[in-house]
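Heads up, the next two complexes both have chain A, just with different partners, chain B and then chain C.
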Partner chain A sequence: MKYNLVTLEIVEELKRICGPKNVFSDEEKMEAYSHDETNAAEYGHMPEVVVTPTTAEEISQIVKLANRELIPITPRGAGSGLSGGAIPIFGGILLSVEKMNKVLDIDYGNMMITTETGIVTNEINNIIKEKGLFYAGYPMSLETCYLGGNIAENAGGGKAVKYGVTGKYIMGMELVTPTGDIVHLGGKLSKDVTGYDLKQLIVGSEGTLGIVTNATIRLTGLPTAKSTLLVLYKTPKDAIDTVPVIMAKGTIPVSMEFMDKLSVQTACEYLNESLPYQQAGAMLLIEVDGTNQEQVELDAEAIGDLCMENGAIEVYVADNYTTQERIWSVRRNIAEAFKVVSPIQSLEDIVVPISAIPDIIPELDRLSEMYDIKIPCYGHAGDGNLHATLVKNPNHTMEHWHEIEAKALRELYQITKKLGGKISGEHGIGVKRKKYMLENMDPVELSLMKGIKKAWDPNYIMNPGKMFDLE
Partner chain B sequence: MKYNLVTLEIVEELKRICGPKNVFSDEEKMEAYSHDETNAAEYGHMPEVVVTPTTAEEISQIVKLANRELIPITPRGAGSGLSGGAIPIFGGILLSVEKMNKVLDIDYGNMMITTETGIVTNEINNIIKEKGLFYAGYPMSLETCYLGGNIAENAGGGKAVKYGVTGKYIMGMELVTPTGDIVHLGGKLSKDVTGYDLKQLIVGSEGTLGIVTNATIRLTGLPTAKSTLLVLYKTPKDAIDTVPVIMAKGTIPVSMEFMDKLSVQTACEYLNESLPYQQAGAMLLIEVDGTNQEQVELDAEAIGDLCMENGAIEVYVADNYTTQERIWSVRRNIAEAFKVVSPIQSLEDIVVPISAIPDIIPELDRLSEMYDIKIPCYGHAGDGNLHATLVKNPNHTMEHWHEIEAKALRELYQITKKLGGKISGEHGIGVKRKKYMLENMDPVELSLMKGIKKAWDPNYIMNPGKMFDLE
Partner chain C sequence: MNIIIPIKQVPETSNVKMDKETGTMIRDGVVSVINPLDLYAIEAGIQLKEQFGGKVTVLTMGPQAATKALKEAIAMGCDEGILVSDRKFAGADTWATSYTLSEAIKHIGEYDLVLAGERATDGDTGQVGPGIAAWLDIPLATYVSKIDEVTSNNITVERLVEEGYQILELPLPALLTVVKEISNPRLPTLRGKKKARVSEVPIMSAADLQLDDARIGLKGSPTKVVKIGYPKVTRGGKIVTAVGEEGTNEAVEGLIKFLESKELI
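Right after this comes the complex of A and B.
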């Protein structure tokens, strides 16, 4: 694709659309919008102009301008993404929804909240919790990420085993289409078969099919009872082998998080924290919730018994909020800790059928040995979604690392595919996994996706170069 | 659209593709394929040839032939649909999946079943129940409908309040695209953001985007405890007013079915059955389930108390399987009973936000009076999904009825829209509601849908004339 440059005239027109204070193009200020949580050196790219509109109408006008002038638009939430989805790889207009963070409607009768998409995800729960409600679809980065990014990536998090991911909760949305029309999809409805389910197509489409400006989210009753188990194992294999057993025989937990020794140690050092038996080869962090504390504890106990029958060394019950938070904090900070300790790395999020996750661990060991790199692993074992993280060996040159990274990723994805899995369970394709999706996806599926993209975005201006390229 | 006729040569080619016994074109045998559960006189249309292929490969070849010869294809499940979706309104090839009813895989480790789409939906539960598993996404017609039709319509049923509708359980599928390619979408995965979520786009697309030949369904643990309440009210309004109260304050029930007096009486007469206080103005049928009978009974009791505090006359507990089945049988047979007693009718399935359903009942009364027709009402109140049924007044001529039907439907849909609802919650658009969807849908949304259809089905041969027309 050939795009035009953003001229001074276009910057002036953007200022007329959304006000001078919502348009800027000085390099220093734009730098923060040139990368996300992927490696900036590898994936970063500067926009030509950043706009921070405050209404859907302004976004509509910006998108129409971009179509007229053939300028790419990259929509952006908090920039906490892990696949480069919000990076303006062709320059052009970076459109941040950061100033669109108003809650529009809290509807207790229907148990739904409607909010603009620049809201920090955790804010939603802060607002509604006093009414005994909560939104369960949030990802691990809930304290920084925006709802808009969650929708674009169909983000999943630590509660997905029981509660599912973002898409399950998005009942309606306002969308600015790639040609600049404003449309409302879905509604406050439990069921709806009036036409194609376009809103679920938008969820997870990584901003390539339009910009979601507000969304209506289904809420559920806040669980009042909770029990958290930390289960220690000798080896990662022992821990992972238990996961399908619990999923088939136990109460479905809210979370079943896996952490290997290196992941736990790295996060503990980063946080200056210590967990019991930090030297265990692997841990499962299991949470059960409900409305009756006695029942929840019985369920947790039964899961603990299953763990002990299946090779666990020890089961710890985190019986108060502080202990629960300490353990969860370790889990939540693994990614950040690795970024600090081993900044040159590739954080993956392969997903396989639950029964196949025991087959993944020996393959990671094999790749680790073959390429002489560490591959710590942690993640949402109860969803079959594992964060295998390829970490550069300090003894390798950067050139060698890039070579190894590409080869190891390719092999990892092939193994995943062979096990009935996919290359991304929650981080998305973006720029980072584009070539690997191309290698692993049926060309028919790809051509169906491209058909939609071409039909909706004829000038190919909406977040181009993400997920797949058009020929 | 101009289509070509099915010539003798084409019939011969179809016989070569799927064997002579799977192709027929005698009128008598084809008659059964010319209508569904909508009024045959109004919506029925004969196909030119019926094919009953047995593999996806055969379907692929048939679809390629149809594209080459410009002949429309109408895919068909059990023909139990309520919107004309499976009727070959342009003649051409009627493709029935009736011979594709094999279970391909039962995967207890991942709690999923993979089956061809010609299976009768209830069969799935019969097969897995001895393993303590069940599939909760089925519609009320589960004893006759096919899984394929459920997917095409995104069917919902009596358990949707707690368990959701068909789409929630479809994890993967094999699809023959409108151009005859075979593609596998999704998989046995709890999470997947590898590309657009095309399988959820297929669910509910009424066979206009391809033919689903097999599907992988997520199963859940069979609830072992159940409690059923029959709650009597003086008026429909009293009953409906309770619904949002229970949804906001009570345990989420499996079902919360509403039946007005006329619906109950008609079904009871049809079944030669009697329910307690059949003379009550309206009833709610509420079911709660779980794994602990004591807890379930406590939950049901709390809901019963809420009902009594909110205007119920009486709460009956159906405490054994026979009584539960008797009540449910009345509910399930309402549609069939009305078809026998009042064959000239229009069965609707409007859906509104739960908090808005109390506003629907007075509007139905108003329409009933204004047009001098009965409008019995029943349905899935817990989902905001109501089967208002316009019944021809025996004193009216057919001409007058058609006039009234169109006017009253138009008004009903406008009211629904004003309340934040949609014209169909589970029956689909098909032929029956096409013009009304056109009137009520944002043109932008419609053009996005058409964009997909045009991109995927350039010759417009896959179930044309359903949901919307292409210009």
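Right after this comes the complex of A and C.
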């Protein structure tokens, strides 16, 4: 695909559209917009210009300009993505929604909030908490990521076992289409079969089908009580084997996070935390929530008992904020800790049917041994979504690493597919997994997706080169 | 070794809001937890018990709801919890509180060691631990960061002081207030939780302790809050700017001198 360069005239026109303050092209400032949380050296790419518009109308004009001049546009949230979705790989215009963070409407009657998409996800809960309401989206990066990015990636995270993923809560949205039209999809409706459900097509479309400028989100009652268990097991298999047992018993936990020893140890050392990981080959972090503390604690205890009956060596209980934060902080910091210890790695998020989780662990061990690399494994065991991470062996050359990374990933994805799983459960395809999606997807399904992209984005300017290539 | 650990329930402070007018904390809807600094005393106590045997008793003065903190401590591994509770204790300052707790400790009976947190994260005075030692007339070591040795009659500890460490040997019974270097608090276990749920927490009232009304609660508190004010923040960062190679060298030298003057390098 051949695109035109962003000329000085185009920069001037962009400044006329959204004001000179909201357009910049100096390298130093643009650097921050050239990568996300994937390895910048490998996937990063500079934009030619960055725009930070403040209204849908401005975005519409920018998109129309991009169509007219054939310039690619890359929409961007907070840049905490893990698949390179927000990286402007063809240069062009980087459009950040960072200045669009206003709450437009809090509708208590319908238990919905409408907000612009540059809002930090965690902020939503801070705003509605006092009214006893709750937004159940809980990406692990909740303190930095934006709602817009959550919608684009259909973010999952640590509470999806009970509450589901972002898409479940998106009721309506305002979208600037790839041709620059402004359209409102969905609404405050619990039921709506009036035509195709386009808003759900947008959820998880990685910014390839338009830019969501505001969204209406369904809220639920705020769970006021919770209890958290940290369960220690001798082996990862013991831990994983318990997951379906717990799921079958009735009380669905909010979270069931798995962490193997390497993950816990690395995070603990990073945080200077002293969890008793030495004796445990793996841990499960299980959280139960509700509105009655006593009941929640009883539910958690019942799950704890079940764990003990199924091979756990110890169950720790955290019933208050201090201890709960201590445990969660370990889980949340694993990825960050590994970046410090060994920055070269491939953070994966394969997803398999829950009952297939025990089968994947020995395969990871096999790959780890075969390629002589570490593969720490942690993630959302309760929904089969595991962050098996390939970490470069410091003794290997970069050349060798690139070679085995591709081989090991290919094998990992084949195993995942064989078990009925898919290559990405929540991080998305972006640029990072594009070739692997191509290899693992039914050609008919892929061709349907390409058909949609062609119909929506005839000039192929909206976040091109993500998910799949057209040619 | 019989160890008594006085603890306090404090508001969980990660999200505390202040009332701008009165200068006090808005306590509505704020969850209470064991004073985080008391957790180090609890852990140190449990470790001593594991090493030398004996019994760890946690003690707190507060309303009925403070039972929760005692049960949490039992779930961590303490043997018994005792609640000192009476309407008459309300409004106590550190003087009256330490007096009341010392009387409760006398009431419990034989003990070898009293372990307290350095201070509570709400009042921030650090006076109650030393106060108890004074009322009990037993030796005291504050800011204890390590217990070196325990014999049948003595305890040797390291105190964290401004210039480094101070090693003290104290005859038992003694009272130590501990800092966080002393231990890494463990999490409560499921077994501990279950034990805590069924454990009875006895309550000691003013009458049980035969305390004189004039020495407890608000009446027994010589501290009067006259005014609450906000401290002025006087600390400020300094940005060193440097232009060109010469400027950079100068700036670096200046920075080295500054760090040297503070004895940091």
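In the analysis below, the second predicted complex is superposed on the first by the 466 of 471 C-alpha atoms of A that agree within 3 Å, B and C clash if a C-alpha of one lies under 4 Å from a C-alpha of the other, contacts with A are read in each partner's own complex, and residues count from 1 in each chain.
The definition used in the following text is that a residue touches a chain if its C-beta (ideal position, glycine included) is under 8 Å from a C-beta of that chain, and two chains touch if they have at least 3 such contacts.
Computed from a predicted structure; not experimentally measured.
Chain A has more of its residues touched by B than by the other of chain B and chain C. Judged by the touch definition given at the top, the superposed model places A:Leu438 against neither chain B nor chain C. By the touch criterion defined above, A:Cys268 lies against neither chain B nor chain C after alignment on the C-alpha atoms of chain A.
Shared-chain residue A:Leu70: touches no atom of chain B or chain C.
By the touch criterion stated above, A:Gly304 is placed in contact with chain C alone, chain B being left untouched.
In the superposition on chain A, A:Met30 makes contact with neither chain B nor chain C.
With both structures placed on the common chain, the touch criterion links A:Gly109 to chain B but leaves chain C unconnected. In the superposed model, A:Met247 lies in contact with chain B only, and not with chain C. Of the two partner chains, chain B is the only one that A:Ala160 touches; chain C does not reach it.
The touching residues of chain C, when paired with chain A in their complex, are 12, 14, 31, 33, 36, 72, 75, 184, 186-194.
Residues of chain B that touch chain A in their complex: 107-111, 153-154, 156, 160-161, 165, 167, 177, 181-185, 187-198, 200-201, 203-205, 209, 244, 247-248, 292, 295, 351-355, 380, 382-385, 420-429, 437, 440-442, 444-446, 448-449, 451-452, 454-456, 467-468.
Within the complex formed with chain C, the chain A residues making contact are 229-230, 274-276, 297, 301, 304-305, 308, 314-323, 325-327.
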